[in-house]
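One chain, chain A, appears in both complexes that follow, with chain B as partner in the first and chain C in the second.
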Partner chain A sequence: MTSITAYEPGASQLLMGNEAIARGALEAGLGFASAYPGNPSSEIIGSLAEVAREMDIHVEWSVNEKVALEAAAASFAGVRAIVAMKQNGLNVASDFLMNLNLTGTSAGLVLVICDDPAGLSSTNEQDSRPVAKWAELPLLEPATFQEAKDMTKWAFELSEKIRNVCLIRSVTRVSHARGDVRLAELMPPGRSARFAPTMLGQFTPLLVTLKHNMLHQKVKQAREAFETSEFNWYTGPEKPELLIVTCGSGWYYSLEAVRVLGLEESVGILKLGTTWPLPEKLVQEHLARTEKVLVVEEVDPFLEGNLKELVGDVFSTLGPLTFYGKRSGHLPTVGELDPDRVMTAVSTILGRERAVDADYAKKSQELTQSMVQNRMVGFCAGCPHRATLWSVKNALKLDGRGGFVTGDIGCYTLGLGPSGFFQLKTVQSMGSGAGLACGFGNLGKLGFGQPVLAVCGDSTFFHATIPALINGVYNQANFTLLILDNSATAMTGFQPHAGTGASATGDPAPSVDMEGLCRSLGIRVEVADPFDLQETTEKILDFMRCDGGVRVLISRRKCALVRAKAEKAAFKVWVDSEKCRGESCGCARLCTRVFQCPGLVWDSEGQKAKIDEVICSGCGVCADICPASAIIREAA
Partner chain B sequence: MKEKDPLNVIVTGVGGQGNVLVSQFMGRALVRAGYHVTIGETYGASQRGGAVMSHLRISRQAQYGPLIPSGQADVILGLEPVETLRVLAQYGNPDVTVITNSRPVYPLSVAIGAARYPTVDEIMGALEELTSSAWLINATEIAVELGAPILANIVMVGALVGAGLVPLGPEEVELEFQESLSADRLDLNLKAFRRGLAEARARQPATPSA
Partner chain C sequence: MGLEVKASRELQAEVLTAKLCSLCGACVGMCPYWVAHRGRIVSLDECNLTQGRCYVFCPRTSLDLDLLSETLFGSPYAADELGTMQQITMARATDEGIRSEAQYGGTVTALTSFALEQGLIDAAVLTASDENMLPSGTLAASAAQVRDRARSNYVAAPTLAAFNRESGRDDVQRIGVVATPCQALALAKMRASPLENRNNIDKLKLVIGLFCTWALRYDDFARFLAEKVPLGQIVKFDIPPPPANIFQVFTDTDRVDIPLDQVRPFIRPGCDVCLDMTAEFADISVGAAEGVAGWNTLIVRSDAGRELVDAAQAKGVIETEPLPEQNLAHLKEASFHKKKRGLKKVVETTGSEENLLYLKPSSQTLTGLLA
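Then we have the complex of A and B:
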């Protein structure tokens, strides 16, 4: 698709929120960008990587978020830098951030955090905004695509003005939505990068209390800038019956609610783009003109809490105020917002009915209910993870000592469910599969006798598994690490990583040798082909039985979606309906009921299995699971 | 055709059918034609067989939010019939127009024999009751004929434009293909688009009965 530099200044371009953020950085003269992929943030660095060569800037996929932020602090050398991460990534980076805030910066450094309300592509639901208060760093929240671009550009100026990191918090419905954005001029970065610390200890947090005091001063400066920011605005009557205070994706939902309910004359909206520190004078002016306030924001009542904190300080200047929002129960405290939820809140507070066609709603539910089944998410047709977990399942069963799998973050997290045969028993954060195994693997003297298999993907291995692996070796934990190497960061959009031999910009890069790295620890390391079910099962079994210490088995096959783009199918696969004995086989429909590849379906009319040729990827693995040898695999 | 403003279009299907691409092609052509466009997408599970939809909001006047309120879809473009019904149940209204691919992508529960997929007649019956007009297009069959089942989404874009349900002419969409697609993919995409266009132009919507 068209890049973020393809259009002329002045043109309107349809941009994803993340692309708009990236474009804003380029309009600010960006020189350096880094991130570890994580949705909904991945396209910020992804779209910058596409144009890195043409803009002659450095863009990288870093090994994890902490390193990404540390690398972006190259802004110390006078280069504007951006770093992007999802909410979980912020947690990884926070150790560095909580010192960097005291150190301060010189050239602009912008940290974009993309939260994922409802955890649509995450293992947790987290509001990252308290980090602004915690680290005392200014926080901006874009509400529109245009603002995502313009705000990012301005964030660099603010960062340089207060000489500290500026935070931008986006959410899925801004980052992963698209809208038309009017473009401004691109600005090439300066070419005189040089690190020249002028003061003793300028780039350390030492003299902590002095630095902490300086940090307070920077917050004050930011607040002053926020009081007159163009990213805060009000629409509505002079004295609204209800004042909605909102930020981020809440802006469009609030606007829609007021429009659909026809309340333009009685409800006002104060939209804040600068949410911490609060522009107190501005907010106070608006609070003084109403008696009812509804706060519309994603995830936690962060803005609501800050407004109330302000009211606590200045209540003598305000009239009686009632707050509505998440704490009052008018808006949900979990999951994401949408226009309907905001409409319900507004109509409940004001006692107005929302006109709905109840007959149609009832009829449509009745007519469709029995026809619309849930669509379970599962591994793709031809996914190597399904094959590996099939072998894991069989090996654990053959071993019979109650062994289990500690899971990790990636596509293979789906192994918690039916398409991975429920094999994963734990999932927490990046690298935690091996970390947990370090503990379980040292419970032997406490009576623990179950084999432990930790899994992680190739990208996760580099991100956070290596320290846990070294810990396991050093402390002589007893477990097998199974690396599911599909040669991509598949879950987030196939970004390259340290082991793929390609850089973020698509140039050749040194490939870190995963096997060599593991071997250097003096442990047993082998590679298996997951599509060879028998060999993989035997290897897993053998690794589990070789008790004592850590061993590593790498199950290696390219991601099915990557294969589909680059290679022809290896096999033509079909079901020989003479050989398939259907329900009378005794296998209890092992292929469709248990193996559950979407390319293999149960034909309820013919009462046999069949291949859906549109979906089948031609991996041929299912041929090995059919006890009647009815699934035929022919070289394509 | 008098344009509704905003025009709310939902593109729906199953992860892997190219839903996101469809909304992007149309969105870009609409921006070029001077419209404000917002596209909200359900993501995350999109490549792994989950239910996927894109909300397109098209306006001459202003930009709208990325999510359409319940009951306020004007047009539903379905790449998969049961997904079309799923969206209809939440976003439909008596004035909604539906244009959908006829070819099922079986949910796992159906593929493994644990649930039944509705018949074409059952689906059409529901569409007749719940829409002002509905079109059923054999998009996957057409795409298979062209040798690329994945292009069913582009056939459906052709049908949508051919049926006159969005304020875009064929040449505006084709221009977008020419800009966005590499030369080796362009020809087949144009063929798929034109087949869909012809399919919709050749007939009236299948419902409601006169």
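Then we have the complex of A and C:
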């Protein structure tokens, strides 16, 4: 992949939305960037990290989003800074954010939040935009890739103008899709960073009401800037029969819907890039020219609500208005939108026949499906999580006291499905596995007798598990914390973290000793090799049986994909079809039916298991689950 | 009627979940799904087959006593208290060393060792306990190994898992099993199984049955006992005849007596529905000779059993005495009571004399007991 600095100024290049955001920051003279990886936001800081040395700027993977935002407040020292996070990450950062808004900044500080409508790679589909209203910070929503870049660049200017954080909200289809972007010149940052508070200009939220009042003034300033923003535009007739007000990903869908329906002459589209605070005058002008308004946005009716709030203030100046959207039931209130859904809404509102096939979306989906291999969502071939969860499953079954796993966020979250043998019974937020275990682990006197096994990944451990672990130790909760250490933030793209010994920029970094850290709490800490199924199962059993207090078992094996980049496969694995019992009593296809590593496939013609040599990573674990010793593992 | 053929899911529902499991181990050691762990049979994953050895071999599923009896003895099930029987005597090992180490008369140890030495069998599946008193099946290939394990074990053991695991070995062709009644039943079911997979049952040449009234659950009994005696020091258990009503635990230096009433709560629920006290489907059955110290009761059932006992007697490995009339009467009474109790429990469980769970109601014995 070409780096985001490699393009010639003035050229038009194909960029991923997240790369466009990163590029925009570099064109704005960025000096500092931080994030905790989380899809769909990861490539923003990821692509900046690749060029950090070249641009001589600081780019880091922080341990969590709150720290990332706190670090990015290096903008206090006159350095333009960007911080990116997914919607869940915003929640982690919000404690700091809700004070930072009162504190303000000096140099530009841009917080990019990438939402994930339909939760394609998330545990929720939270719409983060209300934070703008809550924190009273200006909000920009790019609809195109060009805008993603240009808005980011402008966000720094706005941030400096109002001396406060500026928010950019993207969604998966903007962040992860690619489009043409016209580039401008890169701007190197200044080299005179210095923290220089004044007596009145201290970076604290005190005196609260005074600062709160100042915050209101900043919002007013932002609103004024938004009234003339180039990111808001209208296309359509002077007096539209129906006015679509839309933002972000909704704009393309609306555009396509109106074009496909051939309604350019009767339906107008007001596309807003500055969605909070609303550019009220601009919006009012457009509302005055129509009687019907359809609001198209993902996910919640945020814009819709704000428009209605505005109408409530100025209704005497407007004609009769009917609003359509999520609250009227014309658009879905969950999941992603698409042109098809918008077409349905528009044609229903206008009482027009839909000019397109009702199965349009379904057919296109089927066509796409026919082009890709049908594969279950699950762990990769050779993934250490599959092996660990196999042992977890067996240990819990053998223990027989109804023990269960409290889950967490990472690749291993997939352990709630068949790939992890349905072992994770809870999944909420980062660090919640251990947090939940703190509660369950103290229910002994209320009749609770089930062993509790909390899991977390290595990156999640540093992110949010440590406080829960300390809480468990202090409050003497009875649970085992199983750290699935695959030495990477694998789910989001193998980013390094505090324990990997490498920085975001690929330079050597101190590696935080996870075991030493846990041992310092005075608890039992051991390491298991997940590929040794028997030893790991026995250790988990033993950890569960040794009731009382918190104990930590680290199941350590490098992520199969990370390993494959650096090392050759450890084993050559093949199936001796003479020995393979297949579907007969004594096996019933344990490997391909239950263990389900994608590197093992069922040959329905020969009625035997076989290795898919292209996919097999050579971990050799399946040799240990075969009851007939038919899977042969040879040193490669 | 034949043996009903189902599989793993039904075994879980009809036996494990229904708490009928006797922990014989017949379902374990054949596949990756069923395992024994600390006194429990555990299904690690769901098997999707509709026909499985696990279900067919289980002594708590579809028990066609007539079919088993025909298969083993060539005659319908003997509808009396003690099952098919060619002879009943008292017996004991002539070797005093064996007698002193073994339970009662040492007849089982002597006969098993003898069968190995004579080449009637080349391996014996026995039960041995580890330092935590956890018993499991083990393979003995020599008289010395047999003598090492010459102890009665009151904790239920999945011994047949060892038969299932080891019977596929090429160096093992003629196997003997020292079995509790439920284990002997399972082995008989393996012999009568209609399944294509014979489970190497043709290698089974000898079953020495042990009298059994009940067996204990491992996990909580071990916890209970550990509070009284260090488990690693236990060398032997015994239950002296009534009216003692105690459970004796021997260490090398000491003996701890526990009231039997404190031990009974640890009896496996699967024993409550058992009708077989004397291992009726073994080649020979051996138990205590009540009130006659140092002697066993020995029941010869099959021709193979007859030949073994005759040869052992001829070689002076064991000696026999007639079983006193009063002992026989007591034995019959005790065995009859176990059948009646078991049947009553079954009927209590199902609420109907028409549904006898794993028992075939057609058998005359059962009809008689119900009356």
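The working rule: the second predicted complex is superposed on the first by the 613 of 636 C-alpha atoms of A that agree within 3 Å, B and C clash if a C-alpha of one lies under 4 Å from a C-alpha of the other, contacts with A are read in each partner's own complex, and residues count from 1 in each chain.
In this text, a contact is a pair of C-beta atoms (placed from the backbone, for glycine too) under 8 Å apart; a residue touches a chain by one contact, two chains touch by 3 or more.
Please read these numbers as outputs of a predicted model, since none were measured by experiment.
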Partner chain in contact with A:Arg593 - chain B first, chain C second, else both or neither: both
Chain B versus chain C as contact partner of A:Ser121, first or second or both or neither: first
Contacts of A:Val356 with chain B and chain C, given as first, second, both or neither: first
Chain B versus chain C as contact partner of A:Thr290, first or second or both or neither: neither
Contacts of A:Asp340 with chain B and chain C, given as first, second, both or neither: first
Residue contacts on chain A - larger count, chain B or chain C: B
Which of chain B and chain C A:Asn478 touches, first, second, both or neither: neither
Footprint overlap on chain A, comparing chain B with chain C: 593
In the complex with chain A, residue positions of chain C that touch it: 7, 30-33, 35, 37-38, 40, 42-49, 51-53, 195, 197
Touch list for chain A against partner chain B, complex: 1-2, 12-14, 39-40, 120-121, 144-146, 172-174, 176-180, 249, 251-253, 255-256, 260, 338-340, 343, 356-357, 360-361, 363-365, 367-380, 411, 414, 418-419, 561, 589, 592-593, 596, 598, 600-602, 604, 612, 614-615
Footprint of chain A on chain B - complex, ascending: 14-16, 23-24, 27-28, 31, 35-45, 47-51, 63-72, 82, 85-86, 88-89, 92-94, 105-118, 122-123, 125-126, 129-130, 140, 144, 149, 179-180
Chain A residues within the chain C interface of the complex: 393-394, 397-398, 400, 421, 583-588, 590, 593-594, 625, 627
